[in-house]
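Below are two complexes that have subunit A in common, paired first with subunit B and then with subunit C.
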Partner chain A sequence: MNNKTGVLSFNWDKTLELLKDSRIDSVGLNDRVDSLATRSIKKESKLEALNMLVSMCDLTTLEGEDTEGKISQMVAKAIVPNPNDLEIKNVAAVCVYPSLVSIAKEKIGNSSVKVAAVSSYFPSGQVPMESKLLDTKYAIDSGADEIDIVINRKAFLEGDYRKVYDEILALKEVCGDVHLKTILEVGDLRTYENIRKASLISLAAGSDFIKTSTGKLSVGSSRQACYVMAKAVLDFKNLSGLSAGIKVAGGIRDAKDAIRYLVLIKEEMGNEWLTPDLFRFGASSLLDDVLKQIKKLKTGAYQASYYFPRG
Partner chain B sequence: MIEIKKTYKNYVGGKYVRSESGKTFTLSLKNDSFEVPLTSKKDIRDAVTASKKGFQNWSHISPYTKTQILYRLSEMIEGNKDSYIELLILGGSTRNQAKKDIETAIKNIVWYAGFADKWEQVAGNLNPVNGEYFNISHQNPIGVVFSLNADNNSLASLLNSILQPLTVGCSVISFSEESSIVALKFAEDINNSDFPDGSLNILSGQFENVYEDISKHVEINLVSINKEVPTEILTKIQENASNSVKRIIYMPSMDGISSVLPFLETKTVWHPKGT
Partner chain C sequence: MVNWEYSESIESQDIVSIKDKYQNFVNGKFQQPNSKKYIDTISPSSEEFLSKIVISNEKDVDKAVESAQMGFEKWTNTTPYERSKYLFKLARLIQERSREFAVLESLDGGKPIKESRDFDLPQVAANFFYFAGWADKIDLSWGAKSLKPYGVVGQIIPWNFPLLMLAWKVAPALATGNTVVLKPAETTSLTALLFAELCEQAGIPDGVVNIITGDGTTGSLIVNHKDINKIAFTGSTQVGKLIQKSLAGRDVGLTLELGGKAANIVYEDAAIDQAVEGVVNGIFFNQGHVCCAGSRLLLQESIHDEFITKLEKRMQTLRVGNPLDKNTDIGAVNSKEQLNKIEELVNEGVSDGGKIFQTECELPGNGFWFKPTLFTDVQPSYSIAREEIFGPVLTTLTFRTPQEAIEIANNTEYGLSAGVWTEKGSKILWTADKLEAGVVWANTFNKFDPASPFGGYKESGFGREGGRHGLLSYLKAES
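Entry: the complex of A and B
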């Protein structure tokens, strides 16, 4: 596990330096990202990619209707994604609201699946700082291994970057050893420049991961956004020596699309990032398609979703 | 005046599409020839995805509305009668044969349209059981049906491979080889008849290219074969189908109520009489 805990990497002045040149050549970027989507991945490589996808999945349910029953169903699926094929190992984590963390933790038992909680008043984050801290503390006290927070988009879009930075810093302090993932909500940020700036601010303030979206907007993750974030993570590594992770979430429904993200990460960041410690997918329905595709590869027959577990 | 020849395309999910592979094959009729789509395995997969969605919508439409939509189909064909007749003549029929064929087709659609809100009473059942219960055999459409059309130059024959599953609420992927032109033209009338997208899909191609995938595809619930196929291929289809407990029917009956029974699944419901 990549550990940057306790390292308050960049003070505000240094962070400002980072943000200085955030211009992005969007034409070139779009071209590059499109060209990476044309790779054809076949047979053994595809199977390997699919298994990798399972290991990188954060199985997620973030609804008002979530109940104990729904969580235990999802956790069961996280531990054994397909009871008919035990070669498929568990997913990386389950992602739930703070009030359900203790239930998820209990159901997971001694499996290696992590529990991630969204906090700081996900998905809007439109509350005073005290409430965000409280929300996060509660999730950690309930046993969360990872915390997903949202950046203060109000402050960001108003140009108050300092506030965005300070809030993440304060939340990182609360987290301590607990893994901190910072959600940029790229759909709200709108431009590539904004995504890059938000990425760098989040990284400088000590995030272990940066994450594209909450999944609550109609605009979710995109490979373009992922590319911008990948570049920011690399630049940050060159300056600080710290490797942060990326989590893409929102709107990634099929294995084909997800594999394109893997190609992008491998080409732009290298094999080092192709691990659940540094790259994750947040998705609720992606896993179903991945399981279907694995079975298709093994049997040669296209599958129906009703033969796979729900959750 | 230049004569403009129509490009016939597959009809999938309510849209006219070329084969994803870009391939076509030449269909030589007695008096003309056409380039028609050569359906690939990927096209089949797309058609199944569309049909699954189509099944959700079509099976939930009320029997009464199904009647209306099927009847509208016959109205559409009636309006295009002349162009069908010309097409059948290109395929080698005489004008009289062609006219008779279209009339039979329309007659059959009207019969099935009337049947759409009646089959459930006829096929379902109240079973005698010991105890104070109603025991009901409730009939449900089986799901996505793949139907291989015969090679006859005939609209009536095409409809005989489609109407039975469609009437009870299945979605249908109709696949034609030598008789593709009539089928692809028929797609235009489906498009004008208020059928939900994906409930009835029309493909043209070579069955030998796709039978392996069709018989293995778990989301196809029934394969109906309306033309003679070699025994070894039929055996292979049955073997593959057994892995997903898929129903295979070879040369299905066209006769009244028995024509729809293979496309139904029975759900048994117990209900207390409350006496």
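Entry: the complex of A and C
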């Protein structure tokens, strides 16, 4: 089952077998996710959660207007999120377009912050495969530690699951040891069954992470989608022994919402998944709210945004 | 690896004030009872003393029934529109004071605050709103001349959903023009007594709602009282049978909502993860103190191992502990007596040859607790597969074909509820049609709505509560 790069993946026949069980009851799923949202996270457990959120954050800017200056600002914040509270450690990664990877890499220097690049013609992926490969290769050659690709939703929605699988497999080959996160774009897939199928295809093709969204649609991440993906990751682990990660991104703006994701992961997958190696948040503004909440827990004061250096 | 645990998040008790001792609520006010016999009511999660309630005697019952008779004269001459207004007022007051009721319910009964807050109290209010809406529409529905209220209704309710069972009983009785003498269970009387305060606050005419505390002896006095016109009972099948015997030959209406041993049938084509959730909710909701609990898991043999693995893993995440902690999933067993009964049946299950699995949770030192428990390798002849355990204990049986599932599901003296899990719609309909159970849930469990009638087949009782059918339980044909 090893492909050329030595990364474990399932062959297509075995992947098809996986896809057979995609039954999900949406009423039951929604009930479960809603009930997890009633967990009350207070005091020490809240502070611990907030610090976890910082460590799991992929600080992101993915705009046409991104410049060297913007990347410098963001990297500085990624390394030292709050200069007034040095107990707060660096975030997991910064996430940028391929053309900005080398700048980000240079600014990061010796820090342990990783550079993630979105590639394969993020966000639409509507280009020939050769272009996706080139895009990804360019990002890796520029020094990206992690690659976030998008699945081929055109092929997926047309029912050509094989094509979706083959593309991910080919991109994983280009990545080699570079961490591959595969974006399902749950806002395009819509149904829980589709999210489960896309999760299993991505995992079978060798993705290290599956990721909810590009953040470019009005429908971004949801705890329901995350739940479907968590179950797929667990089922895949049962068959393969491999623990894949999950990245949620798109519309997660406040700490309260983000902590609910942590609760979901803890209760459905266990504490072993609560590490930046297996769970990430992709966000641009979440970090600011997390920093404010940490300040509030430590001092009792909920401070205005201008007390926190922008990124 | 991080070891992220939730800090305690305890709901404050400051909102409730519990008296040292309670009187009966008769004729619109709290009154000194004739009986001198009091018992302690304790918190089952800590065994701490909460208050004293009276065991009402014959004179107390006489007085309550007499008050209800006088109340009936007034209530029956109150326009349906006015009765509706009173019920709406009660519904709104319940909503206003719902946190107070929820805390008291968890303190006195042991159920997690998450459930009393998010299930019991919203349902209580919903029942009053629903029947308030019916009060002035009954004539339209059946014709004014044909149906009349019974008069004085004796209502005896259990300890598992103390306030909700009160709502199920009191709201339709008042909406149809009856007056009530209600006796809450002796371990969980406090929310009923707080409800009595609410009746005062709402200005319910004197004698319409009478609440007297007591044990089985008091219940028996109510049942055998000569001026009672109808009895509505929720509780064990054993007591239900006694009540029916006592009433034989008398012109007294009767509805019984009794025990259950519901089958929760999981077919191989079910959405497994959601079925696991539903099975957990079906049996561990309210510590399994639920008459319609899905206490018999019927698994298709082809998915047995996978399902049990997932179920055990999920059970391990159940948080057992202080009912007032907002993160508690499973609270305390309601009483020492009930705990003994659960332990006895579970021991029998083990000695019969059942394979037992219990979660690794730590149980608090004081109070009455039982670990979430799952039995596999169980034969239909074992007592754990036949008797109502009324605790957090799930018994697994297996089947090969849908036909066999139906045979096993119906192979019980009970018939209150059942669950079916499959993604195939036609199989749901086929199964539901053949199950002898009052309620059949498909791909869900323990869902309630005041508009939906609830009640049993066979030894699970007769009569319906909720919905239009529920009104008929409090109306009789005029001769």
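Following the convention adopted for this analysis, the second predicted complex is superposed on the first by the 305 of 311 C-alpha atoms of A that agree within 3 Å, B and C clash if a C-alpha of one lies under 4 Å from a C-alpha of the other, contacts with A are read in each partner's own complex, and residues count from 1 in each chain.
Just so it is clear, a contact is a pair of C-beta atoms (placed from the backbone, for glycine too) under 8 Å apart; a residue touches a chain by one contact, two chains touch by 3 or more.
What you see is a predicted model; the values in this text were computed from it and never measured.
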item: Side-by-side fit of subunit B and subunit C on subunit A, or clash; value: fit
item: Subunit B versus subunit C as contact partner of A:48, first or second or both or neither; value: second
item: First (subunit B), second (subunit C), both or neither touched by A:175; value: neither
item: Residue contacts on subunit A - larger count, subunit B or subunit C; value: C
item: First, second, both or neither for A:23, with subunit B first and subunit C second; value: second
item: Which superposed partner A:39 touches (first subunit B, second subunit C, both, neither); value: second
item: Touching partner for A:275 - first (subunit B), second (subunit C), both, neither; value: second
item: Where the C-alpha centre of subunit A sits as vertex, the angle toward subunit B and subunit C in the overlay (nearest 10 degrees); value: 70
item: After superposition on chain A, the shortest CA separation from subunit B to subunit C (Å); value: 7
item: Overlapping contact positions on subunit A, where the subunit C interface meets the subunit B interface; value: none
item: Touching residues (chain side subunit B, partner subunit A) in the complex; value: 45, 48, 213, 216-219, 240, 243-244
item: Sites on subunit C touched by subunit A in the complex; value: 1-9, 114, 118, 269-275, 277-278, 281, 317, 326-327, 423, 443-444
item: List of subunit A residues in touch with subunit C within their complex; value: 21, 23-25, 27-29, 31-32, 38-46, 48-49, 52, 231, 262, 266-267, 271-272, 274-275
item: Subunit A to subunit B touching residues, read off their complex; value: 299-304, 307
